[in-house]
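Listed next: structures, encoded as structure tokens.
The same subunit A turns up in both complexes below, where it pairs with subunit B and then with subunit C.
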Partner chain A sequence: MSMTGNKISIKLTHQGVLVTLLFGLIITFGLIEPVFFRPSVLLDVMAIMGDVGVMALGMTYIITTSGVDLSVGYNQQLSAVVFGMVYLSTRNLALAIAAALLCGTVLGFFNGLIVAKTKIPPLVTTLATMYLFRGISMILAGSMTYSGFPQGFRLFFTYRLFGVLPIQFIYFTAVFLILDSLYSYGALGRNLKGMGFNEESVHFSGVKIQKIKIGIYTLLGLLCGFAALMYLGRLSVAKTSIGDWINFQVITAVLLGGTSINGGVGSIRGTFIAILIIGVLKKGYTLMSLSGNIFNFTLGTILILSLIVFAVTEERKNVVSSKIRKTNIPTRV
Partner chain B sequence: MEKQPILDICGIDKRFPGVLALKDVSLQLLPGEVHAICGENGAGKSTLMKIIAGVYVADTGSILLDGQELHLENPNDAYKQGLSIIFQESSLFPDLTVLENLFMGHEEQKSLFPVLPFIRMNDIPKMRKRAKEIFIRLEMNVDLDEKISALGVATKQMVEIAKALTFDSKVLILDEPTAALTNKEVHTLFETIRRLKQEGVSILYISHRLEEIFQIADRVSVLRDGAYVATADVSDVSKPKLISWMVGRFLENLYPKEDVEIGETVFEVKELWQRGLLHGISFSLGKGEILGIAGLAGAGRTELALAVCGLSKADKGELLLNGKKLVIHQYRDALDKGIAYISEDRQRYGLVLPMTLKENITHKVLNRICNVFGIIDRRKENSITDSYMSQLSIKAPDGSFVVSKLSGGNQQKVSVAKSLAAEPQILILDEPTRGVDVGAKSELHRIISNLAKAGKSIIIISSDLPEILGMSDRVMVMKNGCKAGELLRAELTQERILEMAL
Partner chain C sequence: MKKSIRMTREVVLAIIVAVFILFLSLTTNFNTVSGIYSFMLDISPTIVAAIALSLVIFTGNIDISAGTIMGFVAYTAGKLAEAGIPFVIFLPAGMLVGVALAGLNGYITVKFKVPSIVVTLAMNMVHIGFYATFLPMSGWIENLGENFTWFGRGRFLNIIPYGFVLAFFVSLLFMFIMKYTKFGKALYAVGGSIQSAMYSGIDPDRTVIKAFLMEGLLLGIAAVMKATTRSDVMPSLFIGRELFFISAALVGGVSIFGGVGKIFGTVMGALLVYLLSISMIYLGFQDYYQFALQGIIILAAVYITVTDFSLLKKSYCKETDEFPGKKGEEA
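On to the complex of A and B.
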């Protein structure tokens, strides 16, 4: 009984730490650069993280099953390119939107199919498809940029509710609410965590594992397609550099949010807060005119630190690693 | 003359958060004896062994090896001090050869150039020679260049024993060594133990199986709830006496199977084939009937269960449920039709250990307790959990307790509860009492018997002959993937089952 108590308190403190970190960063940036305290700046933080945010929410599902998808950024990129090409050749906005969403979904389905049907590890599968997707979009678009999308389309993603709340943030929150309720209260979340701990056992409970795998990779694909639209709506330029570093940001957000890279343990809410933290960093660095390299350096540091923290707390919590049991090494408990 | 003990365990206490796992345990292992340690699950056997092995550090007390205080930094130190422990799970490297495993970490070496003595390489001929000598001592014929993964369980165990001998171990600790062995392999293992004993090796033998203790051990010590109960010469104690020490009371009947009127046939399997594994198996099952499936390990019993449930694919065959043809593509179909399978390996297939009781018990019925949006109904979930926790008297504080913290017997009950929650008409139990203590075993048997009384049809796959004999209305014996025969309750004897199985 004391153990379950501990487990809950650890979860709470993890999210507590994230919230503290978030406010700490805002205050620090605000002290250095007082403009940061302006509501418009803080609201902008919410707007710029929408596309990375929805992908991170979908990625949380996958990392919970101890999988990963490295191809997210280039899926987003290819979907954006497809949008640009379809729109500029047909001038049909609905068709272009549908094409982008479909492109993302199909690419995600392709990932899911390989991961579910073969024994190739997701890391390797999506490393390969990452270059595949990038290759395709380079062949299609090269160094071309597509722009000149209609104002109506842009409004979908730049609109501010009541004149203040960025609609990107509302999309992000909506996806968050749906994914979180399925994750925290639904059968799906139960199965995802079970798969992260011990896939065979979940299979022996009559759960259709392959279906779930294909489903979650496809869902992430769809979210990549949507993220492509959000990105285009915000910056209105489709080009072949928008996918760079995205997978790294997405995975960092998920792990910082408290989802274990070993699977089984995770939190969509953590991912939500972690996205805001990364947004604050990004905005803060921009205001302080620090380069993107320093931003990436900071993210890398956060990533390695959250991995270490997790490894240590997990050892303390005595979580039986499914990997250890599979290889039959006598565990030191 | 009183012999000096080779391993002297004095007053060991070990406290874990919330529990005193061992209190004041003392044991003496004499040179050249086989000393059995028995006790229910959770009695502290494994903890004691892990303390001897250096995995845990005792809070108080001391361990003397050959009169010297034993200080172990880690399990590898134990080997070097002449103390070898063979765990239930193999600690061999499956992709390396027998020879490489034997000398892993302490390879025989020679210097490559006399002028540069620090450049050394493995002396393979020398290791090979020593390995051969050891296997001759064990009277075993093992191919030194075979990969471990290609060996059977029994041979792997022999390799572990041989590995212990490469360290010239004086003390050998065996943890449930016969758990995965067939009767014939157990016999071979016992021959080896006797041979080692004659050579003066002392053996600490941990086991649940009382029959084995009477066959192999010189003395036996009993632990109960972390405390030492008694030690006796095996020749001086009887089985009921030993059991009473373990549970603190006499068990009146180990197998409280009640007679149940067997109803009409509800389930039929006809000519089930699976390439290389199952050869045209047919059987039927009546309402309220318990069908035992006996056979040696590898006879195809588990394979049969998996094929019936859709967990593996049969090539040919027909299933009839209540006279209607049944089509099963995957396990979900079987569950929905009322057929549930409880795996023999609860840790790997039966349960998700790091998850809670509640999450495990309701895992097979999530589809039934969800609303249209896939959100779990907490009330239904809790009521299912509570009802099975009390029905099976699972000992845990509440439904949000993590399963990995439960004892083996309680884990097994959770595994059973998980399948019962699916409210099956046909229940297939694979080795339902493997690795559980005497008390839990008897309880599980009572539960199974009650299920039959309630009209469920049950298949028990078991290697434990007394269990098969005690529980079954009818027994099907399997051999090499074929059905060797069937016996009714009245004609059941261990000898007849073995005759068919061998």
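On to the complex of A and C.
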């Protein structure tokens, strides 16, 4: 019991640090570029992070079970290409939306099936499917870009509630609330964390871990399909570079949010705040007209730093030492 | 009985490669001098880099940033050669850069106990961001002279590139190292089971770092080998190439879980992956079919490894460590 209390207090401080970081970044960018303090700019942060955000929320489930999905970006790209192809050939919007969501779901299911039914580690599975999805989307699209989607579709994903609140943020918050309630209050969240700590014991306590695994990878696939629609609503061009670096952004958000890469410890709320931090960073860099490469460079550094920072905290050491037998990470005992 | 050749995975691969080369030489320009020369030229850096990756995979780790590390090496070598510094200095300098960057990967992996794939994925991004942002002209160096390209373009007897000879000796050296030295045994031991390795007096941390350092050294050689065939060099030259090196190692029978595999298998794997990719070009497929093909190759190779019981038996501790429940269902 005391252990649980302990953990909650640590998590709260971690989220406190993240919130401080968020406001610190906003103030810093605001001082450099005063335009950053305008509400419209801050709200735009939520709009540009919607698609990466929903994928990061789904990814938190998977990383909590000590898995990972590297293929998210190219799943999104392939779904977007499928949407473009179906829409431009049939001119049927509902069919195209269904096709994109179905495509994302099927790809996620494919990942989940391999991870759950074979002994291939998730990292390797999704590394391979990442290249596979990328290749397929390039084969389908060639050098073509798909554009010219109807105004109604764009409005559906760029609408501003009451003229200010971006609808992407509403979608993101809705997904967050659903996933967080399942994660923080239900048996599912406990099972996911348990699978991250020790899969065998969860299996022996009667939980169908294979079904859960297939389920969470399929869920992430569905969210990738949805993210593709959100992306197309915002930028309305389906091309074969959408997926580049997306998996970095998603994984960085999840790890920065306080989910352990070794599994067992996680926080959907942390991911939520981390997404906002990355969004502020992205918007700030855009306003300061810095290139996407500097953004990626910063994110890579943040990813490594957050790995290191969490490694040196006491909590993570406990997590890691309890998992030595399971993982392949060398350590002195 | 004792003398008969066992049909191990490596032997099967060697036969497949031989048949492949036979067919290619019957149908394409593979049997001409220029065909053989360009084949050897292309395959040499891939072999050396695949051996480099194998060393890391033997210990149960992986390095996704191999391609971008090679980019830094190529940039360093090109920059030094531009200033008129000879090959005998810029090759070790490049190797040093490789050792430093790969060593950093290994250090973070071991010191902070985080999966190497995530560390190197992040490093990949840091590297690319670094040279696109901080290097002038994204690190593009052009018009390199004879003092840079003599190694890459030079050939013995007008047919065998210097690089191929080097790759040949590197392969032989590492076959020897993995079979007969303490270092080689330690790599397998750590990859097989960290705890057993520890109980037999091997320091797993130091072994993994050594594997990464050695990887960096070989990546340095491979990058210089490839870069010196060109008169213009940029760090982005090798982005995404790690995919080929990893699939070469995995096709060659190196287990992704560590502890299993042979250098000869990796060499055969590198040849097979290369032959497959050029066959696709001969068959008229676009370049981007390669991504899909490599993805399928990795999945298939790993799937065969995890379901191959003779291999599983070799990685003794792995099988008992994972899902006993699931094993019961299958039996």
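Methods note: the second predicted complex is superposed on the first by the 310 of 333 C-alpha atoms of A that agree within 3 Å, B and C clash if a C-alpha of one lies under 4 Å from a C-alpha of the other, contacts with A are read in each partner's own complex, and residues count from 1 in each chain.
Keep this in mind: a contact is a pair of C-beta atoms (placed from the backbone, for glycine too) under 8 Å apart; a residue touches a chain by one contact, two chains touch by 3 or more.
The structure presented is a predicted model; accordingly, all values stated were derived computationally and were not measured.
Contacts of A:Ser289 after superposition on the shared chain: neither subunit B nor subunit C is touched.
With both structures placed on the common chain, the touch criterion links A:Gly264 to subunit B but leaves subunit C unconnected. In the overlay built on the shared chain, the residue A:Gly186 is in contact with subunit B alone; subunit C does not reach it. Judged by the touch definition given at the top, the superposed model places A:Ser205 against subunit B, while subunit C stays out of reach.
Of the two partner chains, neither subunit B nor subunit C is touched by A:Gln151.
Legend: residue contacts after superposition of the two complexes on their common chain; A:Ser40 is shown touching neither subunit B nor subunit C.
When the two complexes are overlaid, the chain among subunit B and subunit C that reaches more residues of subunit A is C. Within the superposed three-chain model, A:Phe197 lies in touch with subunit B and out of touch with subunit C [touch as defined at top].
Once the two complexes are overlaid on the shared chain, A:Ile136 sits against subunit C while remaining clear of subunit B. Once the two complexes are overlaid on chain A, the subunit A residues touched by subunit B in the first and by subunit C in the second are 200, 203-204, 320, 325, 328-330, 332-333. Chain contact summary for the complex, subunit C toward subunit A: residues 59-62, 64, 108-115, 117-119, 121-126, 128-130, 132-133, 190-191, 194-195, 198, 203-205, 207-208, 243, 256-258, 286, 288-296, 298-299, 302-303, 306-307, 321-326. On the subunit B side of its complex with subunit A, the touching residues are 17-18, 55, 75, 87, 89-91, 311, 330-332, 334-335, 341, 343, 347-356, 359, 363-364, 366-367, 370, 373-376, 397-398, 400-402, 404-405, 418, 422.
The touching residues of subunit A, when paired with subunit B in their complex, are 1-4, 7, 181-182, 185-188, 190-191, 193-194, 197-198, 200-208, 264, 318-320, 325, 328-330, 332-333. The touching residues of subunit A, when paired with subunit C in their complex, are 68, 70, 114, 118-121, 123-125, 127-136, 138-139, 142, 199-200, 203-204, 245, 247-248, 251-252, 255, 261-262, 291, 293-301, 303-304, 307-308, 311-312, 320, 324-333.
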